[in-house]
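Below are two complexes that have subunit A in common, paired first with subunit B and then with subunit C.
Here is the complex of A and B:
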């Protein structure tokens, strides 16, 4: 006997048609998400003359990919994005994990002030930071450097993901850490040897989210970098030139930019789902 | 091994909540003391202060001859079992057991010997390679016990360790803990909200309410001579019946009367109640000290059966006497009785308790 019976979807119809309708609805939703990506991939495979007639014509080529991959600027943008995403993830995790732990376990004034700070920064629209950050990086000589991009990213990660990490730690029973403290650990020892290992799925999930955030980020990259540290999201947008739009090249770059994000999501989703469920 | 001494122990949370109030308690070496009380009575907070997991607002805690007020938990030489087992989820059972000893830099050979001994005692040998998640609740709690034993500490602390287990397993683990304490006598403090656990495990029982100790005594003392009405109602299952009665003492006989009830009291009770002539008092009668049928003269009353609970070994009756509900226990299981029946109930002479309605203290001659 099922304890909970779910009401049937359109109960008046016969079973086979209900199943068909359900499948169609599911397909429709998936299609709405997948279609732009499929169109993008298709565009990237057409010659330049065919980009406005993607759905017609039978001519396919990898020439756009070849052209993009031989462009030093694009290749270095890929490397930059990968490097900055990885560094930002590492640095922000160092802070986020311990700050989330503090928010979850401690109730002193320090914890409250930190909580308030994060709250306030989260409430400020993201875009309103960009201009001040531009002036700050200019005057500190950090404009268009790794550090100049890395620091704002780490700050954003800390603000956005400390709360998530607090939620993860809230879900982990603190008595394990108490047991460790009785078993001979200091408070820090209990955090490092017991709390962190039990939060590893959550930390992995967070790492995936951090990495994708920086990889996909456009606004900071556009305003805070110039020619020395190009990021892939910005380079992609620069195919809009006075000579016209290079749709096929833009599509090829976009497809390649999708790949790492896709891989991270594919292999990381196990952790993301497990982590978000803690 | 060590005695524990709490003196004038207090815990404030902010300025609003006074969780533990002036607790004084002496626990002898190797003694097993059970702290019991309803939730929020301060028993767990007291235990956590002994463990060092909670700061002390004022007062002293001594373990052995050391004042441990400011020592961190790791330096107090204690071990603790938690309600939700608190095993290290990412380590095997063996590593869980070894964790504390490794922190003390014990050699691996010695650790292995200690774990072997503990595993033998608790039947953990087959589980050593597994992770806590692969164990049942009862097995996890046995591992948690093992983790305490291997450390060979001066004090065992138990924070409601059996609450998450089902009734049958709880009874088994109770016996296991009792056996363990007999095998390795160690000073133990056991916190529970279940008075049966407290009575069966404790050499002495400490009953707490609203942060204060109500009574400290052996199980027999707290059952037979409760220090106040709260203790009387808390200890014993089913709980003691309380009826508000008026004392009438004219010449020779002393009676207590309530709606539908008139009982003659004699002996020490009559002498104690003499001062309350014409005044209301609270009478307490344990369900197991009431029986069906006519008893001694002036010790019986009529009752109306409202609920019959057949337990197989006995029957519990919920009855109505005037405007009062009275529970009767130990009715023989074979008795033919049904809802709506009128029965005669008699009280065992000398087993009634009387409490002052103001102070809730027992009324005795002394």
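Here is the complex of A and C:
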């Protein structure tokens, strides 16, 4: 028998009412967290004429989705966002895993300076460097191109993810790497063949987070892209102002923007939780 | 020139450092330069004007009496709200019950929702004519409100959206923290018959403090630069009453086309948060060492 019995929820009440109250509380919390999304999905399924009375109608249709999918701008925005998110994830991992490893395995001035730099840049608000980045990308001919959006996204992830990666590597015992080096492995060999495989759960967690952050990002896409590379978040925000009254189309687009993120998170959830626990 | 170890360290951080140099350091330098010039999109001469943009921003009543108080109020309330809700949910999920996995998945939903999408959902729910919130209020005999065109209700909704979005982040990290706490102190407290509140107050909270502090610091810094939900929910309106710092810089640079003044505002905000960030970091360091 375990020594610790969990403290009861609201002690003093009879057991059955405690259980009911607990279930009700749980239901209320889940409802509060899920309701906006459910409401959005419901709205997206209503026909144009019924969208203003979402709660009353019984008529459902997929017409809004079909209409949204005929809009070239929205379709290309989806493809662009998916492409940029995937590429940004790959490049960010390539860059931050090694930087986090350096922070974790070495102490001394170089490591401290690098950590300080990362922390300072993490604090600087996005607007302070994305705003002038608008001129930089324009003068380099990168404005409104894939590269011009991808590289700033990779750059913004460096600070936070190096920091997280450092924490993950801190939780992994380095003695395996020392053993490998004694057996004749180079430092690179120890890093690539020993440290990276044991950090794989954490790296997958980072990949999921990175993909979601990029997919959801708005400010960069707003400032660094124009008509050639529309991104889904920007297209949706424009929707609100330009087509504010057609809420069914708005909701259908938003629901479609949720789907990839849900899939990534659903399959990635266990990696995220496991990765954060190391 | 360098030893083998130094070269290894350098190569590990070189790609990251290069990217940061090109896409963060360089733009900041260019932005600083722009903030001292009369740099407007329609006026390419870029005349040096010294500190006059800084003076203009710092003497702008909209910046001093609306934007700055809004930003700080938003930062404090959003972090406090998400911390309290996140901690409560983490404590809830830390006890076993039937359906625990399902509840956990539902609670993580907002983490996957793009802030822009969240803002769209909330904007639709709080729509003054057709939104579900007003419909429900009217059904139970209360008067519907034009939520997003009144200053404080609009501000409250922005705040609520932000707390909804970020509570799961706190829950996830605090739950991970809770589950890695040692069991023995809790067993000792159980044997002594300590009350639930005292266990929380004198055991859980102090042991969880390092995790809490790190979460708060990260979140506070991020809350300071919030842009997307405000932009999509109210656009800073009604009037400019819900404008936050990032929005102020953006509006001046890209809507008023005054890049010099926008850059100056961005740099002032950057300096403010840098000071806060360094102070908070000292705090983390002290708590981690204590």
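One rule holds in what follows: the second predicted complex is superposed on the first by the 269 of 278 C-alpha atoms of A that agree within 3 Å, B and C clash if a C-alpha of one lies under 4 Å from a C-alpha of the other, contacts with A are read in each partner's own complex, and residues count from 1 in each chain.
As a convention for this text, a contact is a pair of C-beta atoms (placed from the backbone, for glycine too) under 8 Å apart; a residue touches a chain by one contact, two chains touch by 3 or more.
Everything numeric here is computed off the predicted structure, so don't read it as measured data.
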| item | value |
| --- | --- |
| Side-by-side fit of subunit B and subunit C on subunit A, or clash | fit |
| Partner chain(s) touched by A:70 [first = subunit B, second = subunit C, both, neither] | neither |
| Angle at the Cα centre of subunit A, taken between the Cα centres of subunit B and subunit C once the superposition is applied, in steps of 10 degrees | 90 |
| Contacts of A:173 with subunit B and subunit C, given as first, second, both or neither | first |
| Which superposed partner A:58 touches (first subunit B, second subunit C, both, neither) | neither |
| More subunit A residues in contact - subunit B or subunit C | C |
| Subunit B versus subunit C as contact partner of A:227, first or second or both or neither | neither |
| Touched partner set for A:26, first subunit B, second subunit C, both or neither | second |
| Partner chain in contact with A:185 - subunit B first, subunit C second, else both or neither | first |
| Touched partner set for A:212, first subunit B, second subunit C, both or neither | second |
| Distance of closest approach, subunit C and subunit B, by C-alpha atoms in Å | 10 |
| Shared subunit A contacts, counted only where both subunit B and subunit C touch the same residue | none |
| Contacting residues of subunit A [partner subunit C, same complex] | 3-8, 11, 22, 26, 29-30, 32-34, 36-37, 39-40, 43, 51-55, 94-96, 98-99, 101-102, 106, 110-111, 114, 117, 119-133, 135-136, 151-152, 154-156, 158-160, 162, 187-188, 191, 212, 215-216, 218-219, 222-223, 233, 236-237, 239-241, 247, 250-251, 254, 257-258, 261-262, 264-266, 269, 272-273, 276-277 |
| Touching residues (chain side subunit C, partner subunit A) in the complex | 4-6, 8-9, 11-13, 15-17, 19-20, 22-24, 26-28, 30-31, 34, 89, 92, 95-97, 99, 103, 105-118, 120-125, 127, 129-130, 132, 135, 164, 168, 172-173, 176, 179-180, 183, 186-187, 190-191, 196, 199, 218, 221, 224-225, 227-228, 231-232, 235, 245-246, 249-250, 253-254, 259, 262-263, 266-267, 269-270, 273-274, 276-278, 281 |
| Partner subunit B, residues of subunit A touching it in the complex | 173, 175-176, 178-186, 194, 197-198, 200 |
| List of subunit B residues in touch with subunit A within their complex | 51-53, 72-74, 76, 78-80, 82-84, 86-90, 99-100, 103-104, 147, 151 |
